[in-house]
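Input: one structure, supplied below.
Chain nomenclature is as follows: A, B, C, D, E and F, assigned in order of appearance, with residue numbering initiated at 1 for each chain independently.
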Amino acid sequence: MERKDRRRADQLRPYRIHRHFQKYPAGSVLIEMGNTKVICAASIEDRVPFFLRGTGEGWIAAEYSLLPSATGTRSQREAVRGRQSGRTQEIERLIGRSLRSVFDTKAIGERTIMIDCDVIQADGGTRTASVTGAFVALVEACATFYEKGGIFPVRDFVSAVSVGIRACGDPALDLCYEEDSQAIVDMNVAMTGAGNFVEVQGTGEGRPFSRAELNQLLQLGEQGCRELISYQKDVLGGELVWLVGREG
Amino acid sequence: MERKDRRRADQLRPYRIHRHFQKYPAGSVLIEMGNTKVICAASIEDRVPFFLRGTGEGWIAAEYSLLPSATGTRSQREAVRGRQSGRTQEIERLIGRSLRSVFDTKAIGERTIMIDCDVIQADGGTRTASVTGAFVALVEACATFYEKGGIFPVRDFVSAVSVGIRACGDPALDLCYEEDSQAIVDMNVAMTGAGNFVEVQGTGEGRPFSRAELNQLLQLGEQGCRELISYQKDVLGGELVWLVGREG
Amino acid sequence: MERKDRRRADQLRPYRIHRHFQKYPAGSVLIEMGNTKVICAASIEDRVPFFLRGTGEGWIAAEYSLLPSATGTRSQREAVRGRQSGRTQEIERLIGRSLRSVFDTKAIGERTIMIDCDVIQADGGTRTASVTGAFVALVEACATFYEKGGIFPVRDFVSAVSVGIRACGDPALDLCYEEDSQAIVDMNVAMTGAGNFVEVQGTGEGRPFSRAELNQLLQLGEQGCRELISYQKDVLGGELVWLVGREG
Amino acid sequence: MERKDRRRADQLRPYRIHRHFQKYPAGSVLIEMGNTKVICAASIEDRVPFFLRGTGEGWIAAEYSLLPSATGTRSQREAVRGRQSGRTQEIERLIGRSLRSVFDTKAIGERTIMIDCDVIQADGGTRTASVTGAFVALVEACATFYEKGGIFPVRDFVSAVSVGIRACGDPALDLCYEEDSQAIVDMNVAMTGAGNFVEVQGTGEGRPFSRAELNQLLQLGEQGCRELISYQKDVLGGELVWLVGREG
Amino acid sequence: MERKDRRRADQLRPYRIHRHFQKYPAGSVLIEMGNTKVICAASIEDRVPFFLRGTGEGWIAAEYSLLPSATGTRSQREAVRGRQSGRTQEIERLIGRSLRSVFDTKAIGERTIMIDCDVIQADGGTRTASVTGAFVALVEACATFYEKGGIFPVRDFVSAVSVGIRACGDPALDLCYEEDSQAIVDMNVAMTGAGNFVEVQGTGEGRPFSRAELNQLLQLGEQGCRELISYQKDVLGGELVWLVGREG
Amino acid sequence: MERKDRRRADQLRPYRIHRHFQKYPAGSVLIEMGNTKVICAASIEDRVPFFLRGTGEGWIAAEYSLLPSATGTRSQREAVRGRQSGRTQEIERLIGRSLRSVFDTKAIGERTIMIDCDVIQADGGTRTASVTGAFVALVEACATFYEKGGIFPVRDFVSAVSVGIRACGDPALDLCYEEDSQAIVDMNVAMTGAGNFVEVQGTGEGRPFSRAELNQLLQLGEQGCRELISYQKDVLGGELVWLVGREG
């Protein structure tokens, strides 16, 4: 069945990453995937979590939040409710793991890079857009303290995208909120520049899914991630792209 | 002493209000006062706080938050800490009172207008920028359910601005963060289109202040508020300005 | 490399499900997967979450907890800390989704089946053991209110198992804690009696993984789930197995 | 319009400060303003907040609470609700700022003076009574560690009072609860012995207020604060009054 | 060994109950037992806890708190910490049970009597002083809605006192803080006017205690409770004493 | 009146303690008292509470929890509610005090023994079963670090049991839930091997109780505790029994 915005099944929504979006953080971008808009910032802090103190190793931690005004119906502010939801924490763990999978935490010493993903408009795919945008902010931030001849802590690219099986039974790439809320299978895929998987999270929301369907979804996800990594490279520009994977 | 950005004592920073900033809320603007940037959204909910149930009267409630990445040094997310700070709640109460002072809560029936002020960049004056921006979002939101011939619930304009006595002893309008953090007196003024005060909150942070100094500050605040109300009118345009104060 | 307990790569740990483990809940089992032991209880409550009131539809919700004494090093009690961790909530969501994927929530009216998974000994794979055990408790519970000739709300079997790539690079089924904590890829698979996937969650903890490795892991997971479903049938016995999927 | 208790517009309610009210704190008074009664205690602690550690500077922090039985209708205990309200925190910040404005935090080394204001009967003006009473407790407490020839950390007197425009449109000093709850403008003023302002917080609860009205209110507030400072001196007695402002 | 204040082993500290201590609650007293001072208030609310709705029966609930300034070393405010301690809740449960044991909750309809015990000075025995004082406030409160010829809900008197075995091994009545903190056995006894026990809570803090010692302590507790009930009668006066136990 | 399960008034329910119930904690038992079943674990941690740091002294702390599925009607998980109830904390304090009363905290250095009592089935008397079971786990745990010739920190045995006056007016030992919920007097007694009391907590839930009734209850409690201590000795076996009270 045709998609509402007439996209092909394997077509991403129009996407764009604005760099240097905020003034103060070491790295900051605004990523847009269709109507989904997320501010991704990377700040450097001279401390590490308790379990790393004294090891000489650093850390990446991610936090995620929806502005109450970002969603179709206003959502409650987590600071007012007094705690983060399970969904929020699940997303924060996904973003953190995805970035750490291409990151050499030993190369930054005892520093934490705090990733803040604040969604200012939510139309599906906010967690995967957060990964894709946060990667760019992370590179920006690491470039601020990189010293020539050293190891650049970001070892490879990483991007993420959602895929799913729509209500009509067709697989599709990069679902908007309306498609997502009716999807019978929902999957998030994060992938590296080298073409390997970092995260594969598929859920049969409406019904279980077959191995053949899983393969189709992985195929679409892989294609979407590749296209986004290619765009990350454009946005970062030659000098920063050159840094990724530098070993001294 | 000359101000760092060479502004006159009675000069506002460059300001701008972008309307229709988000897709979903009934009203949404981005207000910029120099480097301070706040998203102000107004959402309409069909419920009222407990103390108004059954009275036929509505309410305006405001929430305020800083993105962690908005400040010079990253600030902790209140949802992670598990509660809002006293400062946050004080600001929320100020925004709510300022808007309600020009609002006819009886004219909207049992509805709540939720005002969300989310600061994406903080360089001083975020609470007063929130009032000024939220007013525009409020008018946008009320226009969506206004019916011809009815009473428009917004009775007058309201804007707010900070004033203070700088470290050098000179009074000044619209302090940036650097000026504010060193100020010896700090004051927030909110004023209506008719030129009356809605809030006057002055604090001698560094030393007490005399009646003469208070008068100077009130004078500057009044001038700043007038200029901002004039700009609110430009931004809203004739049709919406015409609605403010309509009585049927 | 040989596994510590000399298991084959595709071999489950010794498993056992004790039925009727507690006296009060409608369904209750103790599941053992090697040294991992989880009490899974299913209780029926005559209420539904807010979003289902008045719809005539029911719900399954899951809660998960580790006894502090269940782990190698004592873990802090979440009731003392005052909130559930992100990990706990992620697991609760996984258990709930897995069971709901084979459940007809409309067939039970406005009732909630509360699933409680309390781990009394944790040696890896507690979340997947919870799914496998909870399924049996769920069937026990639904049998208590099933009326002859009606639709049995459990539509198919579901089990779950962990798979991963061990530190040595070999893929393996059903990792114990020691294997899991050193694994470079970690995946949980939940599958139905019909052989379809309900959940696939794979994470490259140590390094990204290739499509070929993903295929190997899916293969092992599928095999493990099939074996566990076969055992669930043994444990439930003919009469209860007969109920699963009954349509009147 | 005549006031209910036949007071003149510029007349304070009967006031009284009982010194040495509790046995254990370094300073402790009971202040009565009409039916409003507040226990104000000052305790000295040998630690400072995080941001002052190692600076050699001290701090004053204030806490405020209403006994549930203090109000016309019993109010909920904040310890039961699990958090302090925005109103409570706003009051605590006001008390702390007012006292710090006449206090030399460097003169006490790394010590914190904790001010506890516990309202045992509330009939309007509890926050301003807290400031006026806490000042006396603060002087009592500082006298316990003052050494002859040193700098006395309290540099000047400070008192506070509420003023407002009553429902009938008349300005009035020191509103009781009934007047306050119907007031159209509500203002708190804190002032020093030298006649300068420390806090001016005015809010148009019922309607905005003009500059002329603001001037009338400031005039009344100034008069009330002067009278209270004169009484603070009587209560403290010559020896302690002599200490205030001592510079060695 | 002689007691520090030269009291006999079976002698209470000087005690006093001030009635009508606060203006707003239906009943309010200040009780002093030596240096221990507690405000006990009884407020009537037209609602009952969830488990009593629709039963026609009422309830008594008690809350207890220490002012931070009440103790030798300032104690942290529970509203700031965000939760009540286990000790506080234990005391609240004791006060509520003691009063309910002589109360006919059916005789007040669906009303709750909220008992607030706020300790303004703590020198040992605050929980038992709370019971003794709260009883008087409870009678005061019930008298406000008693109608001639009806059943008076308070069926008998109740008082409470602490007893213990001091560090020197001697049993003693009504321990002050210094004695209590060194006591090897600590016991609280609550008793009715008819001479029956309502609560007996003995703990061997320093060492276990024999049956003979238990008997000595019960003997002292009984004597102390009798004396306090006799004083409660003096304080209430003939008319209110006459009401206690009235059956129509 | 005859008891439902035909027990004599002075008869315990069938009891059993399974040792080495869990794999990881230093001590772990499952205690059964009729249908009441509690897992009691003792874990050793190399840290002490704040107030003991640097004193060379150790501590015993106890935590208690009901599995939601342990009770007739499912009970809410405290980790979900976000805080422990007053009842839970009261029980934890009772367990901790009872064990500490026979324990030499100086003999273990700066270590904490964490006692976890997790009720997997609740049919009355869970807190006293927790004390009786936890004692055995405590001895198991202390044996793991005991060095020949040293002081064994457990000085004496301790057990606990509930007694009460049933609805029919008869006193009885070891009440099951049904008896307990209707009891008019409820008492918990903890006693040492030497026959002394550690805790006596009696409450007149339904009506006050006389001194004669108290004596009967103490008599029953003493008998029950003696029988349980005798069984603790059987279960521990000669070698461990020999350790209890060893002084080098």
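Note that contacts are C-beta pairs under 8 Å (C-beta built on N, C-alpha and C of every residue); 3 or more make two chains touch, one makes a residue touch a chain.
Computed from a predicted structure; not experimentally measured.
S.K.: Show me the overlap between the contact partners of chain B and those of chain E.
M.R.: The shared contacts of chain B and chain E, listed by label, come to D.
S.K.: Going by the stated contact rule, which chains contact chain A and chain D alike?
M.R.: B
S.K.: Need the most distant chain from chain A, centre defined as the mean of C-alpha atoms.
M.R.: Of all the other chains, the one whose centre lies farthest from chain A is E.
S.K.: Could you tell me which of A-C, E-F or D-E has an interface matching A-B, in the sense that over half of the contact pairs are shared by residue number?
M.R.: Equivalent contacts to A-B are found in D-E.
S.K.: Between chain B and chain D, what's the gap in Å when you average each chain's C-alpha atoms?
M.R.: Distance between chain centres, rounded to whole Å: 28 Å.
S.K.: Chain C to chain F: how many Å between their CA centres?
M.R.: 34
S.K.: Per the centroid of Cα atoms for each chain, what is the distance between chain C and chain E, given in Å?
M.R.: 51
S.K.: Can you list every residue of chain B that touches 2 or more other chains, as numbers and ranges?
M.R.: Within chain B, the residues that touch at least two other chains are 82-84.
S.K.: If contacts are counted as defined earlier, which sequence of chains do you get going round the ring from chain D via chain E?
M.R.: Read from chain D toward chain E, the cyclic arrangement is D, E, F, C, A, B.
S.K.: Could you pull out which chain C residues touch chain F in their complex?
M.R.: Against chain F, chain C makes touches at 22-25, 28, 35, 39, 41, 43, 45, 63, 65, 67-72, 74, 77-84, 88, 114, 116, 118, 120-121, 123.
S.K.: Report the residues of chain A in contact with chain C in the complex, numbered from low to high.
M.R.: Within the complex, chain A contacts chain C at residues 83-87, 89-90, 92-93, 97, 101-102, 156, 187, 191-192, 194-205, 207-211, 214, 218, 222.
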